[in-house]
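Each in structure tokens, the structures are laid out below.
Here subunit A shows up in two complexes: once beside subunit B, once beside subunit C.
Right after this comes the complex of A and B.
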């Protein structure tokens, strides 16, 4: 059995990706299973979904803790302590990362094959939106080495038709999936059939805290949500042109996340640590002083 | 409007009471309203929140607030508000809290709690004359759990729990509850509708309401990029269109007397508003469903014809 785990952010098409892959495997005669998990739905939050592909009936259910293949649809998730996409990947497994440029395997993961490709860039070019459900599924299909191109394209068409996409958009998605399928290599995946997982449960590490610490650091730390750093949700980054900005306050008033302030020169300044990149500021700026560029991050 | 602090956007207080970094969707239409409310009340408020999107706002150990916040079950936000109000009143009376440290009590819920599940407890609180604010962010469905239909879902919108538009051409067949009228029939001191695009109007209303003791109720239009299927950058634009097309009338009622606070001179065709959102996509794709669009448009015209007559408004509406 091949276990594939998709990691992405709400809105990127993580759930659909795993469904497309599952359906494609089914079309190729395999037994397949796919399921997503997400908490309260919200855009930008880490989302995980799973696909299992097997020649024999699948008796396993639920989370995949020991995937053979991991598809990371947003490279910033590699640093996210909530998502931890590389956790549990088997030795000899493959990790696909949707990133602008390649990078060396992170420490402790030398025994895995890393494949990097800029799916978001391609999606923006072809469908004009940073939604990568079909290309991520195509990449996963190619990496498995089990699924034919015709099946992945058929599965893409069928799954997306269920979402009631416009024909034009559907065709572009299929084109995108085909192009991705052609460029992604099929690595040799040499993972062992999984043994029963024995998890070492470490005893709870209890650090005694004083009363003061609890009150002042944890509970009553007013406005500490800024420490969450929602800035890595962005796909596009708004940039203020100080030459054009007149400090009219419009962007500051409409920003849903209180991320814009005025500097001493009466110009708008954006807090990139927490800006989610919704682009309301760009849309509302009466002077068109805000432009957007694609966020290009380098994994560090 | 007589004396007001708020004449233009320049008068909006710059002090922030809501910190960045909350886990809500990018482009949320409700956070600008919450921010403005906090600004207008200078952060001196206890919020009572029923289950909904905003339950996520304050997830331990992080909080975007500099003021207090309490969660309640879906149906009981006004009951929570009553408890806090009573406790504050008693503590002030006993001299345990100095009167200058008194704070406002604000119920902040979504349309699910306000229109459906918590309607009876709100009715009770209004009837008891509880001195509180009620702010609804009305995104016209149970958005937090995947956009299921609520009592606030308008005619023809597609939701997760109405029949698929392939089977049922118009989407939702019912119509939106008129919560404004339900609340108004209780004759509370102040009821108003607000929109995140019309900030000065919103701040003036909060300012005006603060003069009254008793229930002060606000219904805010709230574009929801996740449930309405529009780009996150469009939230404010859609709110503007809703007001300009007459979909979301901005009005207030003082002890039951209604007055429209913003009247578009000419209503824009409702199509402009519908086209911005994926939840109305089935009206235009694969075939244009002219009769449904016409029904929506005619309902809006009917509303404004009636209002124009009773309030003698200067507005041009095509004849029936």
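Right after this comes the complex of A and C.
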């Protein structure tokens, strides 16, 4: 069985990627299983989804802890302590990272193949939006070495049609998937089927510890959301033009993360540590003083 | 109102307690008044409304100091109750049947928030068909919510169990809400003598509620945060379970103290003529009084009959119950509820409690009766004991369903009136 885990952010099409890949495997005659997992839905928040591809019936469900292949749809997730996209990737497995340029494998991961490609740039170029469900699925399909090009394109068409995509957009997505399929290499994947760990265990390891007191489900740590920087969620970055900004406060009111303030000259300033790139400010600014540029970061 | 001596021999300071003719509803209101509750969110539903009317009247007259607010539904009522409790207010509320179900999701929240309020449920069969009379499907639906549950046999029980419920719920070792259940009509609108403990007694018994990390405008706190992870969820659920299990001990401790003050001691499960009983009926709530009468009649005829009453339904006193039921010849569990497709709900729990008991009774019979307040006659109770003595030929997993021939005749007449055939159709 081949296990593929997709990591991305809400709005990137993470769930759809795992479904396109699942359907493509199904079309190619495999037994497939795909599923997402996410919390409270929020654009930009980490999302993860899974595809299992097998020739024999699949006896697993849910989270994939030991993937053969990981698709990281947003490179900033590599640093995210909650998402931990590289956790559990099997020795000899492959990691694909959607990034502007390549980088050497992070410490402790040189036993895996790393492939990088700028899917977002390609998506912006062809469909004009940073949604990369179809190219990420195509990349994954090619990396498995199991899925035919015709199946991935058919699966892309079927899955996106279910999402009611307009024909034109659908065509562009298929074009995008085809181009990505052609350019991504198929690495040699040398992973072993994981065996359940057998060892002597004390039953205490598998049963909860008794508490003599009541544990309250409270959060009293005031203002701890500041510890959670959302600045690395950005795909686009808002830029204020101080020449145009009149300090009207509109963007400040609309920013859902309260990360705009006025400086001493009455100009809007954005806190980029926390701005998540939702672009609401850009849409609301009556003076059109805010523009956007693509966020380009290189993981190191 | 007249004064009588408390009915106990070993009361140190023999308290003079007032005795009054009270309905179960007014007894519940008295308990809230004596507990000096701060906040009462309310929504009317028969047969519970009298509780709230009584409290509203007292507050209006100025003899009781509390804030009573009528919300727009039971869902809002329970939400207000839980959140107010988290500010440190002592909260009392009451509902019944469909009302309980309408606010149902909040029950789990209130328990998860560890808000130690007391909710009185006046049992009423759940529609459809519509009825106002009692059975326990409503309160048993709340079985798994994390609320403690106490079931009253008498109007006196209603008052005492509410006070005990506050003490146990607010105890730092438990910190979970309670439901005190009384049967609609059979208790709610039935008057009988009730001993009222003095305010001083209740103050001694019930220390002030000191909340943990209460809501304050000056200090925000998140209660019942989302965890989005099975292991964190499990951690908290397990803690609720453990706290709930501890409540048995905490209840017994509180009950001893209550007994010292009032002469009335409650146990999680209580026996009646158990000592040498071979045939035992397990039941709860107001119909128990009628069950006891049957036991006395059988005793007169030399039948070694006895009865076990379940007072505390959550946490379920499995060990205590198994201890009372071991070595009996045959046991019947009377469920005033039905889980369609399965049978009696409490029967299953009694069976579970007995499974590991050595010398468990060979016969464990399920009886379903009193649905929608259907009367259980003395003869029907005696019939249960007849079957217990001669269980041969009965299918073990098929409940004995109490329904008399004359009742069938009456149903037929009703069907006729409804134009559905039958005798008058």
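Rule of thumb we're sticking to: the second predicted complex is superposed on the first by the 273 of 300 C-alpha atoms of A that agree within 3 Å, B and C clash if a C-alpha of one lies under 4 Å from a C-alpha of the other, contacts with A are read in each partner's own complex, and residues count from 1 in each chain.
Here, a contact is a pair of C-beta atoms (placed from the backbone, for glycine too) under 8 Å apart; a residue touches a chain by one contact, two chains touch by 3 or more.
The structure presented is a predicted model; accordingly, all values stated were derived computationally and were not measured.
Asks: Decide which partner touches more residues of subunit A, taking subunit B and subunit C as the two options.
Replies: For subunit A, the partner with the higher number of touched residues is B.
Asks: Quick check for you: in the superposed arrangement, does A:250 touch first (subunit B), second (subunit C), both or neither?
Replies: So A:250 only meets subunit B here.
Asks: For A:222, is the partner it touches subunit B (first), subunit C (second), both, or none of the two (neither)?
Replies: After superposition on chain A, A:222 lies in contact with both partners, subunit B and subunit C.
Asks: Where on subunit A do the contacts from subunit B and from subunit C line up?
Replies: Residues common to the subunit A contacts of subunit C and of subunit B are 40, 218-219, 222, listed in rising order.
Asks: If you look only at subunit A, which of its residues touch subunit C in the complex?
Replies: So the residues of subunit A in touch with subunit C come to 39-40, 208, 210-220, 222.
Asks: Across the complex, what residues on subunit C touch subunit A?
Replies: 112-114, 172-175, 212-213, 219-228, 234-236, 238-239, 242-243
Asks: Over in the complex, which subunit B residues touch subunit A? Could you list them?
Replies: 9-10, 12, 14, 16, 18-29, 31-32, 35-36, 53, 55-56, 60-66, 144-146, 165-166, 196, 199, 225-226, 231-237, 281-282, 285
Asks: For a test of understanding, state which residues of subunit A touch subunit B in their complex under the given definition.
Replies: 10-11, 40-45, 164, 166, 218-219, 221-230, 233, 248-250, 252-259, 262, 271, 273-280, 282-284
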